[in-house]
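Shared between the two complexes below is chain A, which pairs with chain B and chain C, respectively.
Showing the complex of A and B:
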């Protein structure tokens, strides 16, 4: 039997201004019908390039060596017409970022019908029937065909993308990070759907992600890519439970299992963590919110309660994780705590006193409470050097002392060593993890007592994630720095937090010590969050081909 | 501290120049403008101003080009070549001064409106809209009628009518910059309005403003010529007023092409040069406009 997809010694080289870049080197892979293959790797590991080469979607600057066989036919040798037919009707792609891959001014039904119109000669009534059938397959009511993309939630949009990919009955579906932008609960639904389609219809699925735990839940085989090569391949269970290559080990460690004592207070970091000192359980409360409400008025004039009566304390020398899905009001709560957003009612207290509202009072307040943003590549002004970015805070507050020493000390505290080497660099010359350290150093330069971090590792690679979390934990242990870490990732809370607050539709539904909330959840929503985590348990490799 | 900053700015400027050099049209425009500006500044030293005086003019009325008067004479017997060269001074001065006025007002209104938003933005934008829909020539004509007739009134008239486009451009660019997370970070660090505008917004908006400026200069020179041709200008010699006088004195019916062509061609060349430079700068500074790639 011929394999559905076979890559033979595939190599892809991009021609760039600074010489040739070998994105993919000597990749061999095969996929049988009804099988799910997971490709894991960090950004830049070449996994998306492999996908693009299957349907010849690479830019002109790429040179391909080796062979790609789709159902035994060489894709590289296909004529243009044959290739067009092969795209979508034999192999189709579910792209990442469902938010941007749909046309915002066309109804969903029309967009799903597009490949049908292009690749089949079906009549309008046949197409309508097929669209209804496809929507049914992805668990969407047929009436949604008349909806516009903005009327759907993220998960629904992702399901529309899957429906589009299935439109022409392809035998191979390639899903490129289909769940990255989704919440855990929606992610579980999408994974479930993909797995069911593989089992029911015998299609082949190639699943690409940087999150090993997602692969564990969906795939029968896993290939791990690193710097353009496949460094490890094998049975999903084996790769995850007993990774051999060090890169796989790093990837596996980056997504800890909630409840695993080995990863409690132990993010995957290469630097040793300082010993936990004596901890006084009755540390003073630094930052607190009382009956905090923030209401917005949307376009139609309806009032939306983004934060709806929140009480929260952050003490000295503790890390509080604020978890919840997107749209739950986490970021609004953080911005209100920082004084970047005015509360509708309720109060924020710092050190026992209400946070001032005057501009000079707020400026003083910000010396004590600092912010770390999600995406470090956009949180730094691309025109400012590391030195200028870190010195920005001290200059605003006219801190005394030698500015150069202050900047160097802040960079050292954020573990960018030797600091002198980074001072004159620009953000684009740094890696994602280094940029996030610069953002943290910029906050530390003001010597704050509370750090509010909004998804500090969500846009970082898996191997860097542990390092940044380790830094936050070390800062707490060494300096007693309090942290409020906002995240959708329960594993992060398990890794570093002392207490966890679960936010749902603007309210805190459960607040308590990590061990208690994550191991014995009380509220239904917390239970749902935990149940939706992809679990690599031995009996739980649900979809073996 | 400031040493690496300046070194980096120099390097950035050198890079812009490197890319600008590859644009042949822009290079031609820049060379022509540089030549003209240098000449205009030195003109009082090079030109005998007696030749510009109607009373002291030596030639006959509307003489065709000859060895003595390369481009002929006007109706009062002055050399058209001298007049055209001298006219560059007023045209360039009006062009630059009106542009400066328009760019300063436009940048200020654009940045303030985008940065503060809310009712400030609403008020400023309505004012901008008001000036945007005013017929520029009519407003300028009214201003010339109520204010003393001088070059400075012309500058003001042009400046007042041309700032709204700059304001719109700057506002759009400022809004784009202000939505970036590093502005939020700066605010969380305690940065006030002055800090955010001065350190983050202006440095990334000004290059585009600069490119836009060169385009506005061309527009201002045309506006000045139009006003002067319609008889609305000061007593100074400019290309527009030359065309006006040529028209009034019957040069057209007399077939005195040498009186009409030089100022007309000069206007076309200068405006073309500024447009070429402006377009070239835009392409260099705004990566989105790069044609291929």
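Showing the complex of A and C:
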């Protein structure tokens, strides 16, 4: 039997201004019908280039060596007409980032119907019926065919992408990061859907992601890519339980299993943290919210309660994780705590006093409570050097002392050493992890007592994630810094937090120590969040090291 | 703020919302346009009062006039009133559709503008329509093969033409065509009989002024289309379209161009008003009997009522076109409807 997809010694080189870049080297892979193959790797590992080479979607600057066989036929040798006919009808792609992969000004029904019109001779009524059927298959009401992409939520758009990929009944579907940027509950729904479709239709699925735990739940075989090569391949369970290559080990450790004692207070970092010492639970409360409510009025005049009666304390020397789905009100709560959003009612206290509302009072307050944002690439001004970025805070707050010394100390505290080497760099010359450290240094330069971090590692690579979390944990220990970390990632809470607050529809439904809330959840919503985490199946003998 | 369990029953409020917000949107835009119009009227009135030159001196240049007659004339034209009183009278007249009376021709300004507005619309409308078609087509081609020979030569030519003064280009064309096309006016002295023949005669006269205007203005449509298409070229949904197996030209026509047209459309409407006001030189060169030529003639006076009237009409057309662009944008781009 011929394989559905076979990559033979595939190599892709991009011609760039600074010489050639070998994105993919010597990749051999096969996929049989009805099989699910996972490809894991970080950004820059070459996994998306592999996807593009299957349908010959690479830019002109790319040179391909080796062969790609689709159902036994060499894709590289296809003529244009044959290639266009093969695209989507034999192999289709669920592209990464559904918000951009759909045409913003076309109704989704038309976009799903487009390949049908192109590849089948179906009549308009047949096409309409098929579009309805496809939408139902991905659990969307047929009426959504008239919606525009921006009218759908992230999960719905992802389903539309899947419906579109299935339109022409292809035998091979390639899913490129189909669940990244979705929160756990929606991710579980999408994974479940993909698994069901593979089982029902016997299609071959190539599943690409940076999150090994997702692959564990869906794939039979896994290949791990690193710097353009496949460094490890094998049975999914073997790769995850006993990773041989150190990069696989790093990837596996980056997504800890909630409940695994080995990863409690121990994010995957190159400098192991010392044992967690005895801690005084009666530290003074630094930041607290009492009966906090934030209501918005939407265009119809309906009041939406983004934050609906929240009580929360953050003590000195304590990291609190605020978890919840997107839309649960986490970010609004954080903005209100920072004084960026005025509460409708209720109070925020800092160090026992209400947070001022005047602009000068707020400026003083923000010196003590600093914010770290999700995406360091957009949080940093691309034209400011590291020095400028870090020095900006002290200048605004007119901190005394030598500015240069302050900046160097902040960079050292954020573990950018030696600091002198980074001062004149611009953000684009730094890696993602280094940029996030610069953002953190900018916050530390003001010598704050509370850090509020909104998804601090969500846009970083797996191997960097542990380093940044390790830094936050060390900062807490060394400086006694309090932290409020907003995240949808329960593994992060397990890694570094002392207490966790679960937010659902504007309310905190459960607050307590991490071990208690995540291991013995009380509220139904917390249970649902935990149940939605991808798990490798019933035999759960993992992470025994 | 939507969470997945509430998605299903969101349809009804959505539709009601889009209804009320449309009314609010349109009302807001129209209100904004009216405010701009008020500013334009005030600006037009006071701006032209600052032009050097005494209208009375121009009017009486040919014949000797005694001081008594001058005072009488001043009183008749209302120039003896304080400026704010003149302004109030002017606004009051405008509200009743009265633009005042020309100093030089002693005719209602409204009638003069009504006569002159059609030739200008014909000239500007034809030139804009052609320039948009030409510019968009060239822009799409240039962007699709960015950096290619077509892109480089066409961008260069367009920029060169754009930077030329209109009167100079018009004179060049007159010289180059060596009298093949008429050099002045909109109709021949001995007009032919029959509608078709008359239309052809006007078209014949229209050729050179229209070509001049077209050559100068098409570059901006081309360059904006080119850059907005270039911005779309890296978009992920184009990769999706290619992966679906669409031919290259279909990817471009169905997906890239409709998205790239959105910013271009605003420019087309905004620019239409600007082109109208920019016809003064072309109309002057070719003696095309439009608003531009009227302005040119009135500046010598200065014939204040005519200048003010034309100014209000031209500025008003910019405002109205901008309003149309805003409203149309909402129809064409579903995302604007939502926000």
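Side notes on the structure shown:
As a working rule, the second predicted complex is superposed on the first by the 527 of 545 C-alpha atoms of A that agree within 3 Å, B and C clash if a C-alpha of one lies under 4 Å from a C-alpha of the other, contacts with A are read in each partner's own complex, and residues count from 1 in each chain.
One rule holds in what follows: contacts are C-beta pairs under 8 Å (C-beta built on N, C-alpha and C of every residue); 3 or more make two chains touch, one makes a residue touch a chain.
As the structure is a computational prediction, the values presented were derived from the model and not from experiment.
Steric overlap between chain B and chain C is present once the structures are superposed on chain A. In the superposed pair of complexes, A:390 makes contact with neither chain B nor chain C. In the superposed model, A:103 makes contact with chain C only, not with chain B.
In the superposition on chain A, A:404 contacts chain B only, with no contact to chain C.
Using the contact criterion defined above for the overlaid structures, shared-chain residue A:92 touches chain C, although it does not reach chain B. After overlaying the two complexes on the shared chain, residue contacts for A:294 are found with neither chain B nor chain C. Contacts of A:514 after superposition on the shared chain: neither chain B nor chain C is touched.
In the superposition on chain A, A:189 makes contact with chain C only, while chain B stays out of contact range.
Between chain B and chain C, the partner in contact with more residues of chain A is C. Chain A contributes residues 55, 57, 83-89, 92-93, 95-97, 100-106, 114-115, 118-119, 141, 143, 148, 150-151, 153, 155-156, 164, 185-186, 189, 298-300, 302, 304, 306, 325, 327-328, 505 to its touches with chain C in the complex.
Across the complex, chain B meets chain A through its residues 1, 4-5, 8, 180-182, 184-192, 195, 199-200, 203-204.
Residue ranges on chain C touching chain A, taken from their complex, read 1-4, 7-8, 11, 13-14, 16-17, 20-21, 235-237, 239-247, 254-255, 258-259, 262, 332-335, 338. Interface of chain A with chain B (complex): residues 338, 340, 359, 362-364, 366-367, 370-371, 373-375, 378-381, 383, 385, 387-388, 392-393, 396-397, 403-404, 424, 439, 442-443, 446.
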